[in-house]
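What follows is a pair of complexes built around subunit A, which joins subunit B in one and subunit C in the other.
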Partner chain A sequence: MKNGHGVPRPVGGPIMTPVMKLCLALAGITTLLLIYRFLVGLGPVTNMTDGHPWGLWIAFDVVTGTALACGGYAVALLIYVFNKGKYHPLIRSAILTSALGYTLGAIGVIIDLGRPWWTWKLPIFFWTWNLDSVQLEVALCIMLYTAVLWIEMAPVFMERWEQEDDKPRLQEFSRKWTPILMKAMPWLIALGIVLPTMHQSSLGSMILLAGPKLHPLWLTPWLPFFFLVSCIAMGYGMVVLETMWSRTVYSRYRETSVLSALSRAMVVVLLTWVGVRLFDVIASGKSAYLFNLDRFSILFWLEVLLFLAPAIILMLKPTRTDRDRGRLFMASGMMVTAGMLHRFTAYWFAYNPGDHWNLYFPSMFEIFVTVGLIAAEVAAFMYIIKKFPILTGRPSAALPT
Partner chain B sequence: MVLPTLDSTPLDPTGLDRRDFVKVCSMAAAAVGLPSEAAAAIVENVQAGRKPSVIWLHNQECTGCTESLLRTNHPTLDELIIDLISLDYHETLMVAAGHQAEEVLQAAMEENAGAYILVIEGAIPMKDDGVYCKIGGRTSIDLVSEVAERAGAIIAIGSCASWGGIPSAAPNPTGAVGAPTLLEGKTVVTIPGCPSNPYNFLGVALQYATFGTLPELDALGRPKFAYGRYIHEHCPRRAHFDAGRFVKQFGDEGHREGWCLYQMGCKGPVTRANCSTLHFGEMNGAWPIGIGAPCFGCTEEGVGFTIGKFETVEITDATPPSTYPPIFSSREGPNPWATMALGGIIGGAIGGGIIAAKKVSQPSEDEIGLGEV
Partner chain C sequence: MNISRRGALKVAAFGAATAAGARKAEAREKKTAPPDATGMLYDATLCIGCKACVAACRDANDLELEKSSTLYDDPVDLSANTCNIIKLYDGGGDGEAQVSFVKQQCMHCIDPACAAACMMGSFQKRQNGIVTWKPERCIGCRYCQVACPFNIPKFEWDSPIPAMVKCQMCLAKAGTTEEGQLNEVGQPACTEVCPREAVIYGPYEELKAEALRRIAENPDRYEDHVYGLEEVGGTQVLYLTSKGVPFSKLGLPELGPEPVPALPVGLQHTIYKGFIAPIAVYGIVAGLVWRTRRKSDAAGEEVGA
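== the complex of A and B ==
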């Protein structure tokens, strides 16, 4: 992990910046809100009904949040499956984003569950598992993958702890476990690639089980495929956004060459998605739905456009100036938005449980909890990159270490 | 009583052979909810000539319970009274009359003392020494007491025999009471209902005839298999009750849609019976609530013939559980504040993204790899 353009080093600098304070304030309010939610239950605080039992928390925190956290998966695929070592400088921040994202997804599930206090039973009572359940697979994979991601992150923490002479026990622990962890790492990385492949597609299968409650344009056996492919695009997109932004903010080498090399892979992923999507709709005789000009056809075209546009932008001839970086950033933003829209549409906009149900719209409470969770994630990210060796490149002279 | 033994030869000139007979027994056992081995036991009993003797006494009543029994098909009445039981005395159905009839009664009691089933239909007038109901010059009090003395099992069929029924309704001019009051101290199985469901009677009678036992009874002598629950608990319209959809007036939209009849005076919530699961006349839906009439509470003392027909009852036991979710719960739709918040977040994200893209594309002196793009 130490090859590439530089050795990862902690960013350093003051922790309590204004942004950090804002994030902590939002997260703090959310903690209070969550205490209230666990006291009174889901009914009084959310706009969910029996018709729309999955609201913003599932659609965003879990289904979209874990897909946004697929950066680690996408980069690991490139590095370890396609053996492209040059992407190594990206892996630590990508895995960190993934670990934080999945942890938040898991917290999101627990917040959304009606009886969260039984969650601990799931991985233990294996003899009662319903092996035909997609939800079981998703739950187990997400639990396991979250654990795997944090173990993958462990060397980062241990590197730091090894140097802390004033904490001998931590140092001892790190020295003892680092070699063992390094031996186990290939297996963990393999697990870290298999698990998201399983459950990211299963997130598509899960809403597919709603059957005709889903609008025909989204009710397709290819939905798991679309979820899987779009999660790779979202993962890449997030890696670009996060790498570029954090390195711009912390005045680091921005890895533009590595990132734009990634963009070629992205073009393939995006065009595959768009091609299969259009082919599937036409081949299954649903093309009439495309030109209804109702909100579903508009959502469909918006989705296709958002997947297609970044592919076109990335195929433009490079200007070899700083503008390329802006382009790549924009394209990545679109990619992420496209995947988010696809998930939101499948789980929310295109889902109609029946005429008797009001259209679901999240309550202020739900929106605030989601915002607070994101704020918590940002705060944790900022803290970890400042304290632990995540980002590569020279430490900036402008900032005190 | 001499019976032909059963073998492969026809039982009687009409041509009922063993095979058909076993079928009848199985059907009877199944229809009244006895276990499958009961069919074999019934066949054996009958083969051995041990058909239970039944003595049926009428008192103050309308004969509705007998009429109801006549309409059973599983088994049919002829199969029942010829093949399965020996109906030795029944004032409505027997051929004998006058002194001959009374002799049959005495003979049956002598012959099967301690083993026959006494079925009591109708209330027994107690006022003025029971002069209001006499058969062959003897009062009901006298007759019922005498026959009950040597009976193996006593079944009171119908609400009149169970607790007084219509004859006991206020002001009760004849002082009518149910059989359990007259025969205090004896086990009287009561099968209330107006009329009672014949299968509840058959279930008890055939179980006693086959195994010599009685089903589990509640404090009022009612078999628990039939009277253990309120009609309301298994009512096919229960979902409408829980959802708050009530008939307000006969013939209104809710009535035509088959909604809950509680507000029309349905006594289902306070009446214990199995009408809601075992309908009448062997026709699905043939019971009061099934045809759109509120339950009258006929089986329950103090409800039927006592509370007004359209009077609503207080629900004590079977209120809808408050933990059930409503069938359709409505939530507020897009609330202006939530919409504004969400719109602000989305707008902020797009704006922030554009600004960030600009900032990212600004040259920095740290950058050394740009030339490779």
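== the complex of A and C ==
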């Protein structure tokens, strides 16, 4: 950091790359599809039924998408709670990904809601709040956290706007608000740590209300704990994947030591998850379900394996060669997959409304809308890192290696 | 390794809080039916499957006919157009006891999962303990459908302005008389028209006594089990079934006495009791952030967002 790697700079370069055009095209088609969805209702375009009232848009866009967007949370935890300032070069891109991911989740909810026009009442009509509803807490927390993430990002945008001499209003606004925001920042950052702790665990409590419809292996009071711990693993995993991606695509030089030091924390997180998961199943007398050889026992063991394997990979002795980076990449990919599988299983595969209901599989329409939302997120990310100071590190070509 | 150990401790601390919540959750106060609770008692041994109740329900609640095949109005399951249905269980044997009808509609749980799910209280236990839905505060999230152990609330999938539909014992439709009874004739449409009184409406406590009396008087006629007395903490709709035809054959799921909301709601209220834990955690984290930033300011490093 002392030699300037830690200073974030806009990536620059042309905006309208082929990838950008593809993303915009997908997002554009999705917009048209969504107009149709709001004209005809959910039935004609999705495969959801009264038996499976939640489909891909909840299981992926909201429950999994927000956990994939926990990079900002995971890195903020490290920097502030565990006092590891060396992770700071990662924070801006992590928070940006979080802000975009949570925004995608929020849009996903609105698309999925049957009667979204009353949503505005939710944060305002506090006298109607049903404090028994776990979903109420999740909804309010996600709304607030999405706002907090964008406010946390605001100084980054204003840093650039301050230099825009041809837009005096924007410049004045930025100069006026930056110091105020910087003063409020510690309180916002603390909020940015508490809110995900609350709603990521509550996403686990939320599906427990399915009660007898949820397979016993997932119907456990520890589910909020598993959701919380796995969202941290998914957040770290995503930060690593994203850092490696921007390193490759935008030829950024990065200190790999920052990433590999992260992996020590991940080993603990992963082993804790596996340990508690197995202990809980045995202690609550559900071990018989583990050896049924039905799809549930297979899903359980797959989960455990996917959480365990990256821990083992990360514990291997470093070779101090490129192989270390390959291992880190593989482990991160596995962590992300593990958390995704755990969430998909709790909200989808392990949910059985009764044998007379067909299994749910998303329609092409549902899949396309999700793909379109992700494309919009990628497009926004590419635009912002090119225009605003997000990524640290110089192009590797400019540095002696 | 310093990070790891402290990280583990903090994660474990939150886990301990969660687990403590889980233990206490079981102690959540058991709910009882309100004093003015009314309900229905369905006796499968009396039902002849005439489906007068299905037609009456449709009339009373302005529900459209189901056009699933060429027959006139032949719903195969509850739906957004069918709040009440008569189904046939055919065991395939020769004996009469192997065949039974069953009526399905909302069970009006004493501790309803749909009401626990509902964020702004669209679903609530209202007058007479009857669970009703009000449109003004429903955003169509369908958490009620996920929660209901009987799969009762139905969503208007084919409408751009969908409602949640289920049996409200004709309460919302008919309103009540001054005596707190349902409508002019004092009962829901289905019990009103039933020619054999296979389904009857009345005060919950009286129905419970009546169900037990019927079993006691005719132990050979009935299974020795009133469905809804214990299931998910009790339901205000009770069922009797013929000897030899267990309730599971009639599509009534085997459920324990624990109300469905007990685990998640108990867990939530323990972790968030008085909102103390989140505020305390916020205070600690804010202190840690402040410490980190003061230190990095002193070191001349930029630590912004």
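As a convention for this text, the second predicted complex is superposed on the first by the 388 of 401 C-alpha atoms of A that agree within 3 Å, B and C clash if a C-alpha of one lies under 4 Å from a C-alpha of the other, contacts with A are read in each partner's own complex, and residues count from 1 in each chain.
Keep in mind that, in the parts below, a residue touches a chain if its C-beta (ideal position, glycine included) is under 8 Å from a C-beta of that chain, and two chains touch if they have at least 3 such contacts.
Computed from a predicted structure; not experimentally measured.
> Overlay done on subunit A, so just call it for subunit B and subunit C: clash or fit.
Result for subunit B and subunit C: clash.
> What's your read, subunit B or subunit C touching more residues of subunit A?
Looking at subunit A, the partner in contact with more of its residues is C.
> Can A:359 be said to touch subunit B (first), subunit C (second), both, or neither?
first
> With the two complexes superposed on chain A, say which partner A:324 touches: subunit B (first), subunit C (second), both, or neither.
first
> Applying the touch criterion given at the start, work out whether A:50 contacts subunit B, subunit C, both or neither, answering first, second, both or neither.
In the superposition, A:50 touches subunit B and subunit C alike.
> Given the touch rule stated above, what does A:128 touch, subunit B (first), subunit C (second), both, or neither?
In the superposition, A:128 contacts subunit C only.
> Scan A:285 for contacts with subunit B and subunit C and give back first, second, both or neither.
Neither partner.
> Touch test for A:18: subunit B only (first), subunit C only (second), both, or neither?
neither
> Please indicate which partner A:191 is in contact with in the superposed arrangement: first for subunit B, second for subunit C, both, or neither.
After superposition on chain A, A:191 lies in contact with subunit C alone.
> Run through 58-66, 112-120 or 220-228 for subunit C and report the one that clashes with subunit B in the overlay.
Clashing stretch: 58-66.
> Could you give the residue numbers on subunit A that contact subunit B in one complex and subunit C in the other?
Common to the two interfaces on subunit A: residues 48-51.
> Which part of subunit A faces subunit C closely enough to touch in the complex?
1, 6, 38-44, 48-51, 53-54, 78-85, 88, 91-92, 95, 109, 112-116, 118-119, 121-122, 125, 128-137, 139, 152-156, 182, 185-187, 189-191, 193-194, 197-198, 201-202, 205-213, 219, 221-222, 224-225, 228-229, 232, 264-265, 267-269, 272, 276, 351, 353-354
> Residues of subunit C touching subunit A in their complex?
It comes out as residues 1, 3-8, 10-12, 14-15, 18-19, 21-22, 25, 78-79, 113, 115-121, 135-143, 145-147, 149, 151, 153-162, 232, 253, 255-256, 260-261, 263-265, 267-269, 271-272, 278, 281-282, 285-286, 288-293, 295-296, 301-305.
> Touching subunit A in the complex: which residues of subunit B?
For subunit B paired with subunit A, touching residues are 325, 328-335, 337-339, 341-342, 345, 353-354, 356-364, 366-373.
> For a test of understanding, state which residues of subunit A touch subunit B in their complex under the given definition.
My answer: residues 5, 47-51, 241, 244-245, 248, 251-258, 260, 318, 320-327, 329-330, 333, 356-364, 367-368, 371, 393-394, 396.
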